[in-house]
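Here subunit A shows up in two complexes: once beside subunit B, once beside subunit C.
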Partner chain A sequence: MTVSSTESPTQRPPLADPFPEGSVAAVEQAADGHTVLTVDRSHLLDVLRRLREKPELACDLLADVCGVDYPDREQRFDVVYHLGSLEHGHRFRVKVPLGEDDPVVPSAVGIWKAADWFEREAFDMFGIRFQGHPDLRRILTHEAFHGHPLRKDYDPSQRWLLTEKDTMAPRWATEDQPDDEHMDTVVLNLGPSHPATHGTLRTVVRLDGEHIVKAECEIGYLHRCFEKMSETHGWQQVIPYTDRLNYCSSMINGVGFALTVEKMLGIEAPPRAQVVRVILSELSRIMDHAVCLGANLVDLGALTNFWYFFQIREEIYGLLEKCAGGRLTVSYARIGGLAHDVPADFEDEVRKLLDSIPKFLDDVETLVTTNRIFRDRTEGVGVISGEEALAWGWTGPCLRASGIPYDVRKAHPYMGYENYDFEVPVATTGDTYARYLVRMEEMRQSLRIVRQALDNLPDGPVITDDHHVALPPKEKVYTEMESLIWHFKLIFEGIPVPAGEAYGFTEGANGELGYYVVSDGGGKPHRIKVRPPCFAIYQAFPKILEGLMIPDAIAILGSLNIIAGELDR
Partner chain B sequence: MKNVATVNVDRGPIPWTERIYLGPIVRGLGVTLRHFLRNVFGKRDVATIEWPEVKRQYSERLRGRHILTTKDDGSLRCVACYMCETACPANCITIVAEEDPEAPVEWEKRPLLYEIDLLRCVFCGFCVDACPKEAIIMSRQHEMAFSERSEAVVGIEELRQKGPIEDEDLGYRPYF
Partner chain C sequence: MRQPDGSSSFLTTRVDAMLGWVRKNSLWPLPFGTACCAIEFMSVVSSHYDLSRFGAEVVRFSPRQADLMIVAGTITDKMAPVVKRIYEQMAEPRYVISMGACACTGGFYRAYHVVQGVDEFIPVDVYVPGCPPTPEALMHGILKLQDMIQNGETQHDRLKHGKPDTTATAG
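What follows is the complex of A and B.
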């Protein structure tokens, strides 16, 4: 749904006052809590700059930039910016309508560094050109790709042929740069298939001796067209896809998506489902941090901790399998609740985990936290200041390690997180060691949340009884005509999500996991844009690397926890 | 920013007790030694399973290979309604329907062809949720290896239940 009519100035909320007359075409308070500004592109930079700089607005976080295609509209594309203010807690959505023949907007890279890769993605997927962008190239697809795949008229069955000369390398990597004082510099590929990258991540670096003088990331090796596929499948069918975004904590992704669609439907999952979601999400967060730290430590030569961490993960997988029937890709969340109730011994199993996990955490703490080798190796490595990290769009544990206590669970509570007593771990040094410490403490805080949630686990259904949304219970489908009809309609027509849009964001294991969802009122999504937290984090990686050594690059990469599944989608 | 409860995890400069390295190394060796001894004598911490001799016991919700259930007379319960094919997020089910000549009522359908491409299947269980006849359920069989891609496309004969339903290694199905 787009806003085309100009509202009279008296209806505008006071937030619109800082903008000069005529620059904002329409202001609307969306149901998802965002203030939606529709702006013509000639005023875009002015409006964005004011949003960032005016103290009463202070939007310091650029969460997302994406395109949306409305083929039936005269101005076919929307460029959508999602902004947030950490200080005030308010959220803005800025939309710029663009015509098909001239899809050009000024680039916001000068205001938020975070815009860099997000704008490249919008260019790649929709062909929207960002004037003034320093390096506007394709990002998720290959350079030899033709067309823009998320446009509605793009035929996904097309195949493009790659030749050997289409190898992708940054321009600077192919030039020889003899250095007067040293030997020639050397260009080296870190990845995409290397055990230390833990995923298909490729970083091209130029080395002077062992020092990295220039670096650039090449991503998209694990691009599986998540967003394009979602547009051809029903709302509920997107849930198994979300499992494959951040596959280390698949539960959190499914819950985040379900919450966003529930927001659009105006429903809420029953209390029992909410609490179970919290318990399993927090356990998934522990699992994710365990994998991240375990892998990071094993890269630094501390193999034993990897096994202790993976034992935690193994035990949580056992619980997830008992609940959901799958270990890695759980597909347990549903729009409106959960697929089915937890097993009878759920409470005992979780209590067992609550007992066993801290023991492993203590073991790792003893081995690593006070270990001088580890501290010497990680302290002062990969330092990023809080201000810088926020400008790059960082969220989650990596941002908190730089001293900014932004946690979606606290700043914008959802699923009843406001009722749980927990603290946000913060470190100030912003280095690899700080990121380790923050993650360790976060696991303990997650255990606190799980304990409280388990003590207050209510009884009742786990999925809404709204038959427009959730499948009726099987015994009714087998025996009642009406339930069978609802069942039939839901499977064949999908959930009738009202036309509109919503941006739902939750605290994923890596930071703010956002879903920008657009519905045209049909049974299938019109557009789903995922805001993966590590996409924003990874784009700062080359800048952090400059001047450091290769072993540092491995240590930093591990501590950022880049998951290729959600990075490339 | 809203006032949030934070806990600072900074550890400051390395104190001399850690700088000399002796204390932490002894404590660290203590941890590994404890695990070692417990694993050798107590066998309490061992997380690994000696697969394939020992198999992990999964719950009855595990989503493994599908089973097409049959009625008492041995014919498929499936009525070729296409619900599972529609609900499948991976588009791995292919159904071709035909009229069932043995049906007691007129115009009853049955599947002429029912194929699942197990390499495309993501084992999400949506087909089980979608089925209004309990005609497709899942087993706990999850070790599937094929030497050719075409072998992974399984039809009615491979999928149908072999004997009494109790003898199958039942996994995800309604009520579980």
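What follows is the complex of A and C.
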């Protein structure tokens, strides 16, 4: 929902100054805290560059670029940029309307490297062309695909089959390479089915001897159309789909989505629901880091730790199963609160976890943190500077391992995170070892948060009593006419989310997890764009690899924690 | 057959029963894990559930070393040629367990980029329902497959010897 600005200019960046007369067509303060600029494409690069470079704006993080289709509008598409400044904490949304017959905008790759894959995705999904992009081709769908699936007139179930002969190899991989030293280089394909690429990641590398001279990632092997599917379902029905984004910590995704829609509805979940969400989100963060580190260590040959870490997961699974009924894909959050209250022994169970998890962490630390082999393989390997990481759009533990302490829970607190006492661990070296250390410490900090949250767990309902949003309790539906009507209306018409848009972002296990949600006032979302943290992280992977060796590549990949569900959606 | 001293040193059986018994107790799975289900697969082979109790814990990532492909996760159209190729690289006899709603039917992704069940292009022996299936359900699926191997009811037997289709659903 956008409203015109009523706030004083001191709280907001001064906007008249930085942009030349006429370059910004409209400025609005949106209710989600973003300053929304509508810009004609002829001024786009100028405006973006100023946003990045003017010290009073300093938008160093390009969080997301995406398209939106409004088939009934004269200018059918919007290209939407989400920007943030870590220094000032303000957020911008830049929108560029485009006509259907000429959907072209200049590419922002020269300003933020992060734009690279995001622009390719907007091209793939909407057919928007980014002029000046170095490699504008499909990214999520396959080579034999026709059309642009997120356009509203694309039938959601229209498939195109891919045969083996069409499968993709990077152009440079098939070219002969002239070489001065008369040494042949070898092209090696890692993945998408490779033990160390964890499922569906594919990297093609060119090796000179043992060194990687060039690398390229191909993604989309798990593109299961989350965004299209969410447009064909009601608001609450999207929650099970969000579980399957980062399936290692599904609770966090559901909560992030619910918070965004709650923002649009102007409601808040009851306090008890908020605290339970915090507890389960932090435990999910621990699970996520556990599987990341466990798998990373397995790839380096340290199998035992994997079992230790999986034991942590099993214990948390036990709790989640008691609360939600599912172990992995919990679907426990609801817009407006939680599906139902936690079981009676919730507190005892969480306290047991608080006692047992540190033991496993200690065990792993004893085995790994000062382990010579592990340190030799990870220290100084896969180094990325903070500045570089930010330019690529990194957030989360990987960014913090490079020295930038950006954590959404601290920078833009939500769900009461400002009331908890916890540290944001930061390392400075930016290598694989630093990423290990940061994740280990974050697990301990999460335990701290859980302990505080549990001590202050309020009583009360776990879902809002606003029956435009949440179903009335079953016993009332069976006995009261009004509740029955509410129930009926909600099931048939869905939640009346007011027309408008919001970008909500939370600290996922991998970094800033954003949902850009557009509603047209109907019972279904008009558009949901997920800003997946590891999408931005993974696009820097080929650059990090250059000059390193294959075993390094494996070590680095594990430490980035690329989760295909979230990467490809 | 009983020896004069009372011990028995050999037994008589049919060759295929013997082979079935050997094969079913030494399955080497190749986890074709792509998504959430693969995480549950990890639980199955980890200490808590411990698949080695059923003789199927030697997880191999090379199709040449495996005889059971467990498709765990959503298969997209982009991935389909890869699955097919890897399946074809496995030595016979080879078996396939389709783990989870996605691998069985596409799950709740009735969408433009998702294969609506891996049996579109490879033969499946056991379908394990669930989203994701619990570890117990997957184990049940493996036990089911072991029975089918013993009884000569797998897709492999059918394709080789023209036996009837007896695909199973576990869970």
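Here is the rule we go by: the second predicted complex is superposed on the first by the 547 of 569 C-alpha atoms of A that agree within 3 Å, B and C clash if a C-alpha of one lies under 4 Å from a C-alpha of the other, contacts with A are read in each partner's own complex, and residues count from 1 in each chain.
The rule is simple: a residue touches a chain if its C-beta (ideal position, glycine included) is under 8 Å from a C-beta of that chain, and two chains touch if they have at least 3 such contacts.
What you see is a predicted model, and the numbers here were worked out from it, not measured in a lab.
Touch counts on subunit A: comparing subunit C and subunit B, the chain ahead is B. In the superposition on chain A, contact of A:Lys228 is made with subunit C only, not with subunit B. By the document's definition of touching, neither partner reaches A:Gly430: not subunit B, not subunit C.
Within the superposed three-chain model, A:Ile491 lies in touch with subunit B and out of touch with subunit C [touch as defined at top]. Looking at the shared chain after the overlay, A:Leu471 reaches subunit B, while subunit C stays out of its contact range. By the touch criterion defined above, A:Gly511 lies against neither subunit B nor subunit C after alignment on the C-alpha atoms of chain A. Of the two partner chains placed by the overlay, neither subunit B nor subunit C lies in contact with A:Pro397. In the overlay built on the shared chain, the residue A:Thr141 is in contact with subunit C alone; subunit B does not reach it. Residues 240-241, 307, 310-311, 314, 329 of subunit A lie in contact with subunit B in one complex and with subunit C in the other.
Within the complex formed with subunit A, the subunit C residues making contact are 32-36, 38-40, 42-43, 46-48, 61, 73-74, 76-86, 102, 108-114, 131-132, 134.
Partner subunit B is touched in their complex by these residues of subunit A: 86-87, 89, 233-234, 236-241, 304, 307, 310-311, 314, 321-326, 329, 331, 339-340, 343, 363, 366-367, 369-373, 375, 405-407, 410-411, 422-429, 433-434, 437-438, 440-441, 445, 471, 474, 477-478, 484, 487-488, 491-492.
Interface residues of subunit B facing subunit A in the complex, by the touch rule stated above, are 1-2, 4-11, 14, 18-19, 21, 23-24, 27-28, 30-32, 35, 45, 47, 58-59, 61-63, 83, 86-90, 122-126, 129-130, 132, 134, 138, 171-172, 174-176.
Against subunit C, the residues of subunit A that register as touching in their complex are 140-142, 145, 149, 154-164, 167, 192-195, 199-200, 220-225, 228-229, 240-241, 243-244, 247-248, 291, 306-307, 310-311, 313-314, 317, 327-329, 564-565.
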